[in-house]
Each structure stands twice: as C-alpha cells, then as structure tokens.
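The structure appears below as structure tokens.
Read from first to last, the chains carry the letters A, B, C and D; within each, the first residue is number 1.
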Amino acid sequence: MPGALHRLVRMMTFPELASGLGVTFKWFHKPKVTEFYPDKRPVLPYRAKGRLHVDLETCISCKMCERACPEDCIKVFQPPKEVFKTDKRPVQFFISLEHCIHCGMCVDPCPTGSIHHSQEFEMASYLRNDYLFDRTTLPYDLDVKHFKQGILENVVEKGQ
Amino acid sequence: MTTELREAAGTSPLRKALETTTMELNFGPQHPATHGVYRAVLQLDGERVVGIESIIGYLHRGIEKWVEYRTYTKATPIFDRLDYVGAILNCHGYVGTVEKLMKIEVPKRAQYIRVVLDELQRIANHLLWLGTHALDLGAMTVLFYGLREREVIMDLFEAMVGQRLLQNAYPIGGVRLDFPRGWERACRNFMAELPHRLDEYETLLSSNRMWLQRTKGIGVISGAEAVALGLSGPTLRGSGVYFDVRKCIPYGSYEDFDFEVPLGENGDVYDRYIVRVREMRQSLRILQQALDGMPEGPLMPEKLSKIIRPPAGEVYFSVEGAKGQLGYYLVSDGTDKPWKCHVRSPSFINLQGLEKMVVGGLVADVVANIGSLDIVLGEVDR
Amino acid sequence: MTFESLMTYVGWPLIKIVILLGVVAFCVAYTVYIERRLLGFFQSRVGPNRVGPFGLIQPIADGLKLILKEDIIPANAQPFLFRIAPIFAIVPAFVGFAIISFAPPLVTGAGVVHPFVVKDVNLGILFLLSITSLGVFGIVLAGWSSGSKYPLFGSLRSASQMLSYEIPLTLSVLSVILMAGSFRLSDIVDAQSKLPFAIPLILAFGVYVISAVAETNRIPFDLPEGESELVGGFHTEYSGMRFAFYFLAEYANVVLVCCVATSLFLGGYKIPFVPYETLLAAHPILVSALGLAVFGVKAVLFLYFYIWIRATFPRYRYDQLLRIGWMVLLPIALLNLFLVAGIKLWLLR
Amino acid sequence: MTIGWILLFALIIACALGVVISRSPIASALSLLVGFVGVAILYLALKAEFVAAVQVLVYAGGILVLYIFGIMLTDNEALRLTRQVHFQAWPVFLLVLVLFLWMGHKLYHSDYAATPPAAKVMVVSGGDQAETAIAALQAQSQVAAGTNTQRLASVMYGNFLYPFEAASVLLMVAALGAVFLAKKEI
C-alpha cells in the first residue's frame, strides 16, 4: 500500500519531469558552445589535414605520392634526364583538389616531407579550375596560414 | 482506381466508398526520421502498421566491387565511407582483415592506441545515435547536447589523425603517429566530464514518463528471433543475448581489458536504448584502462614491405562495430589487389529485424524502431 | 448618423482593431524569434544572432524570404481549398485577441473610460472558445486538400486532438467562470484582485496548461506536425506565404493562450497581492502603463515556460495523447469542477 | 440594414442548398460551416449571444469537424459519382415549398408580427418552450434583471431541470451505445 501511494504521489507530482526541466534550465545559464566561425576563426591542430601543399624546392620528383594516392589526383612530371641528374625539382606538379579526399596517404611515403597538408580549410570556389593546382599556383603565403599554435601543443613528427 | 470505380458505380458506388482498405505510405527516402535515404513502404490500417517493405539502394556506391580495382593500401580510405559515423571502426575492421591475411603482428602500443580511438569512436557514434533517436521521439535538446560532446571527440580525432569524420586512421600494420603532446590530458578531461553528461541525458530520458511510454514494450524482439535474424551489436544485446565480438572473439588486445557487456531484458526499444547508454560507460572504462596501461614500443611492425601483397587465400575477420558485428571477407589471389571483398555490415543485417518489430505497431513506433536500430545508410547500401 | 456615433460604432473599434492587429502581428513575429533564441539557450547554443543586433531583425528577414518564395500548389491538390485553408487557420487565431483586456481601463478627467480592449464582450470567454474552435478547419482542410498522405494524417490527428482537448480545456475554464461568476474577461480579472486564480484553482490551472499545449500543437503534444513521423504534418505541401500563415497562426495561438492564461489564472494586469485600489490613487496613466507591463511580464513568463517545456520533453504517441486527454485530464477537470462548484455553493456563500 | 438582412438570409439559404446539392462532400461540409456561422449571426442579432456562441462552439467547431473527419476517411471519388439529386427531389421540393409558404402566411398573420420590440428582446431561440417559459416568468416578473444568459440558465436549471437532465442522460446512453457498436474490442 505505501508503494502504491508512493507511485500515485510520484505520478501526480512529476518529479522526474521536474528534474528534466532542471537539466535544461542549468544549461540555459551556462556559457554557450557555439563557435562564431567567420568572426572567430578556429585554430586547427598541427595534424589537421587541410589543403595539400607541396614545397617544390625540396621535392625530388620521386612520384611516391603519385603512386600512393588512392584517387589519382596527383601528377608529377620529372625534369628531363640531363637536368634530373643535377636538379631533381619537378617541371610540373598537378594536384586536383576536386578529387582529393584528404586521406593523407601521399604524405606517408614522401621521403623529403615536401608534400604535406596545410591548415587551410576554406577551399570552396565557384570555378572548377580553381581546384587544379600546378607549379605556379601550389605555393601560397605560408606565413599566415601555416604552423599556427594549435589547441593542443604541436609536436614535430617528421624527422624527430 | 477510377475506372474500376466507374464500373462498380453502376451497382453500388456507396458500398465501394465505404469499404475499408489499407493505405500505402511511402516512408522515405526523403524523410526526416529514416536516417538517410532509406525507404520503407508501409501498409497501414488506420495508424496501425500491417506490413512493411524495405527498399534500399539509394546510396549504393558499389564499394565492394570498387576495392577489387584498388590495391590493398589504396582501399583503406574507401571503407571509412561505409559507416560514416563510425569510420574508425570500419577502418580497424579492414586493416585487421588484411593483417590477419598477411599474419602481421601489430605492435602492442599500436593495438592500445587503436583501442583508444575505437572506443572514442564508439562513444561518438552512440552520442550521435542518442541525439537522433531522441529527436525522432521529439526530444530535440538531447541532440544538441550529444553533438556538443561529440564535438570534443571530433576535436580529439582531428588532433590525433588530422580528420574529424572520415579519418583514415590506421594504415595496414599499426598506426601512423603517436599521440600528440597534451592529447592524453585532453582525452582524460573529456572522460572525466562525460559520465556527468550521460547522467544528464538519463535524467532527460531514462526516467521520463513520456520517454518510457514511447519506448517500453515497443518493437519487442525476443532473443531467439534476434539470433535467427542474425542481428548483432546493441540491437541483439537489447534482447538479452550475450554476444560481443570484443568478448567472444577477442581481437586487438581487447582481452586485456575488464569491462561488462550490458544486456537488455525485454528486447524493446527502451532496452536497446539503455544498452547503448550503458555501453558508453563501459567504453569509458576501457578507455581508462587503455590509457593507464599504455605500453611503450614501436607503432609499426619492424618488417613491413611498402607494397602490400598478401599470400593467396581467404580470410574473415570481424570487429565489434558501433552497430554490431562488422565483418570483412577478403579473397586474395596473390596479387596486390583483393580478388573479392565482402562486408558483413551490421546495419544491413539489423534492418532485417525491422519487420518483426514494427508490424502490429503504430506509425510513430516505426520511427522509434528505426531509431533504435541505429542504421546508417552508407553501410546498408555499401 | 452623426460623427460621434460613427466614431463610436465604426471609428474607434476600427482604430483599436488596426492597432491591436499590428501589435499582435509584431508580437507574434517576435515570439518566433524569442522561441528560437531561448531554445538555443536551453540547448547550449546561441540561436539566431546574425541579422541585426542580437539577431533582432531575423523575423523581418524570415518574413521577407517567405513572401518572396514561390507559392507551390501540388498537382494532386484541390486548388481552391488549398488556397483558402490558411485563412481559416489564421483568422480565428487573431480574432481571439479582440476580447482580451491588456491593461486596466484608462480613466481620464471627465470620467471617460478608455478600456484597453477591442470589445469587452458579455460572453467573452465563450466567444473565445467558439472562435478558436474554428481554427481546426484550417488544419483539416489543409490536410485534405493537399492531396498527399502525410498532411492527411496530420490533419486527422489534429482534428481528433483538438476536439479531445477542447473538452478539458473548457471544463477548466468553466471553474474559473464559476469562481468569477461571469463570462466577461474584465470581470474575471477583477475577481482576482486579491489572489490569482492559479493558487486556489491549481488543478484547473494544471489542466489548462496541459490542454493548452495540446491545443496549440506543441511538444510534447505536437503530433499533427510531428516532423519525425509526418514530415511536416498538415502543412507539408505548403510553401511561401501560405506556409507563413500557418506558422503565424500557430504562434498567434501560442501568444493567445499565454494571454488567456494570464487573464484567467495569473490575475491579468493586476499586480499579485497588491490591492488595486491603492494603486488607483496614483496617476491613472501610470496605473494603465503599469498594468500593461505586468500583463506583458506574466504572459512572457508563461511563454518562457512553454518554450522550456518544448526544450525538455519528448513527444507522446497519438493514442497515448488521446488516452491522456480522455482518461486523465477529463476526470481531473470534472472533479475540479465539482469541487469548485461545491465550495462556491457551500463555503463562499 | 434591410439589405444586410436580406444578404444574410440569402447566404444561409444558399449554404443550405449547397449542403444538399453539392457534388463534392467537402464542399457540402464547408457550406454547412458557413451556414452555421450565418445562423449564429442571426442568433446574435436576436440578442441570444449564448446560443450563438454554443452554435459555433458545438456545431461548427465540434460536430462539423467530425463530419469532415468522416468525409476525409471515405473514398471521395466514389461518393462523387453518387447521384445527389434524385427524381423524388422535385415533388419533395414542391411539397416543402408549399409547407414553407403556408407557414410564412400563418406567421405573417399571427400575433408575433405585431409583437413590440421590448418583448422581442426576450425571444430566446431555444424552442417554443423556453420562449413561453420566459414569457411566463417575465409575466410573473420573477426574473427581471440579469443578462440573457443568466435568464436562460435560470430557466434551464430551474423550471426545466428534470427534462434537461433526462435529455442529457438519453444523449449519454446514445453516445455509449454508439461507442459500443463502433468499437471492435473494448
């Protein structure tokens, strides 16, 4: 009988609904987690796989990335043989970000670390041609967009 | 319809008009509660469901055929696209299969790191599931709270492997990189916070009379039926069947950890819900143990050729995915590309249980049941 | 017909109606904003804050967008009914405001009384109930004329839901009428000078709150438009301005319910526990302004509670909803009515 | 003013005709709705506010919704094919016309036509009984003050309490019976 009475009282007084209301009321006052993206830009951690960047000066045209890419979005053109003996830098380097899935599999085998992801993540464009990067368009201003202090402390991965 | 009626009109159109018939309702493919492009054709008698026919394939990408044209390494990121909410678990399943095929011994530290990421992914998946399931039943706030916590996990993933959703986390053989500095601390902070958040969700749902009325006794499926239909994962355990790949067929050093397998009693929507919520707490236990007992050592095996070329043969390997037993079947002919690949995707097989659950219930229960199955259409259609 | 009589019978009411419509439409638009904003706060996010300072221009932007959208009429729809159905929904929602007294009447020098109400009808609350009961036609016709199954389901559910919950709602209001001894809303407010009815009539207040949530189709009783089951419910096929009509009608009903609850249970423009006479000694305009502010604060608090509920609870199922209406609320409302009648007869003679 | 009345009557009659002869059942129901509202306005004009409000609340807001409910659930296409006007309609129409004219004639030549406006106010549409009762009560000058609604209440719950309650019990029995018949399992 006390059990039944207890149940009846519980049924009529909505304690569990009140505690539920309490939870939402608690978060009503707490600071909000929304990020105001265009106003406050997020700082991506070091390992974030943003737009692919190739340091053409250190690239040795070994085509490891081209072979590793699962989507075939990288195309490297070696210089002619005579030049290659002294200067291994590629004559042309195509990356099609239209196809890139940001898997990072081209970064793993690179012997010089010249291909790597940058922290640039705003890659939307109106034109398809903007996604095809070549020798002239690949380098971009690194000072602004690269190597920022992340949310977590950066670690040096390559060559450690 | 009209011509038939016109023929019948001569005799007695009124009788024709007053005949009761079942109504066919297209539930999906564009419907907010089908969690993707799933389509169910419901036969309704009033609001009561008398029949359901699942129509799938709107998200079919032919992934199983696709990987036959890719090398083993290049196929890895493709499997993330199956269950895009639990991508790391898919990746673990695939690389585990190749490792089993090639008899690669994964270093202990790599195994532990995989356990950590796997369990984080499981929690992230269950949080998203909890939010969407609650949203299906009308409690919209839980979705935002769940996404808020999931966001922390996403940030952890981003710091660890660089991507948030489709991480391509593991290469064949081990893991690429160790934890970044400070990652472990951030992870532990999250682990300390999450139990309180889970308590809040349970305050909002588990004892709420509306939630209980919507879920208790709805979509009941007995243990025997669930086994017969081949269900797995929380959907099976909700029916009280003790089967967890991590316990029953241990892989990736899961045998080192002490954790429980939560079981339901009645096999209804509520049990499937509570099993998943308890599973998150167990995942936290595993995480705690894995971080505490993290062994030192290399991340990749010593001898691993750059080109993966497994010996001819076939192999089946399964992991406990977020949705259930996630199995991969690979046939190798000795070249660097798989000859055949098949995925035992838990979402697809769990979907078999839907008919048993919804027939005889109401339309609103269909939503609750689809939510409780936790299907992801990328995995159903492959 | 003299100018004075023309003003009395046509001019002043027309002016009042235009002002009221403008104010109510403004309030309704900003109710949408307040709801989105508060829901965001409850859900640990910020809600709309991009358009204007604090997102205050958001309702105008939304309205502009809806006006500019294409008005789609589905191929299977019955065009005439489909076009007029939104009018059926929005008119009753706005007409209901005509009888609500928002502030104490302003008494100017020569004893002229300006009531803050379009028409303080003799049968005020009954008029309100009968008008709002017509709102269901907008929903039913929308569902039927859309020629689609989800709206049909939504409208069927809505029709039975509104019919079921009108009875406990009316019964709970009846106990207020018993206590006040009048149908007129200003009389009811006057009867609460000392104590708001929500305290003695706590049962009726509870029944009213629950049935009002159901009548306005909101969580946890938002089955007619339960988006996870019926996509959008009865207005699935609507777009553009006709959709906006339904949207406005829903929120107008919410505001109306808040205003009615304030008038019936929370003491209207009376300041709780403060006798009205002491205030009246002060400046009359001040009294009216203060009354208006008090009314607004009460209504907004009630609205806050509404949104709070929406942020917290899941949705009931259709059959459970009807069972609650008939098996729980109706007996409680009847019991309460008997109790109030008995107390009124034997104790408060 | 007269033009307004004529328009209102024309509207009510047109709606009544629409209910009967419209091919689409939903159009019939809508005509009925407008008709109900028209009649409610008529009641209001007769200063019977309570009856007007109840007319809208119960008939338009309640019962008509149930009609529409029924219409929506039936196969509309087949209903559209049924004949609305049968050959019996014309003799019946003539008969009704004759009856109507006869009634109008009688009314026109009766005492009601000459009733002074003061008494007209009391005429509450609620059937002859209520009307005569109010008149009787008024004659005894028992209920002089109070609004129309209060007087109606005192008549209904005073003089006619037992018939009123008997009618409500009867309706209750009918409703329960209907539920019993309609529901498959209880």
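Just so it is clear, a contact is a pair of C-beta atoms (placed from the backbone, for glycine too) under 8 Å apart; a residue touches a chain by one contact, two chains touch by 3 or more.
Only a predicted model underlies this, so the values are computations on that prediction, with no experimental measurement involved.
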Core chain by centroid distance, with centroids computed from Cα atoms only: C
Note: of the two pairs A-C and B-C, more contacts are counted for B-C
On a C-alpha centroid basis, what's the spacing between chain A and chain C, in Å? 49
For chain B paired with chain C, centre-to-centre distance based on mean C-alpha positions, whole Å: 44
List the centre-to-centre spacing of chain B and chain D in whole Å, with centres computed as mean CA coordinates. 61
Using mean CA coordinates as chain centres, what's the gap between chain A and chain D in Å? 73
Could you pull out the residues of chain B that touch at least 2 other chains? 141, 145, 148, 204, 208
Mind pulling the chain C residues that touch 2 or more other chains? 42-45, 311-313
Residues in chain A with touches to at least two other chains are numbered 17, 20, 23-24, 27, 33
Of all residues in chain B, those that touch chain C in their complex: 23, 25-26, 31-33, 47, 134-141, 144-145, 148, 204-205, 208, 210-211, 213-214, 362-367
Touching chain B in the complex: which residues of chain A? 16-17, 19-20, 22-24, 27, 33, 44-49, 68-70, 101-105, 108-109, 117, 150-155, 157
Report the residues of chain C in contact with chain B in the complex, numbered from low to high. 39, 42-45, 149-150, 153, 219-220, 222-223, 226-229, 231, 310-320
Note which residues of chain D are touching chain C in the complex, please. 26, 30, 33, 49-50, 53-57, 60-62, 65-66, 68-69, 71-73, 147, 149
Which positions of chain A touch chain C when the two form their complex? 17, 20-21, 23-25, 27-28, 30, 32-34
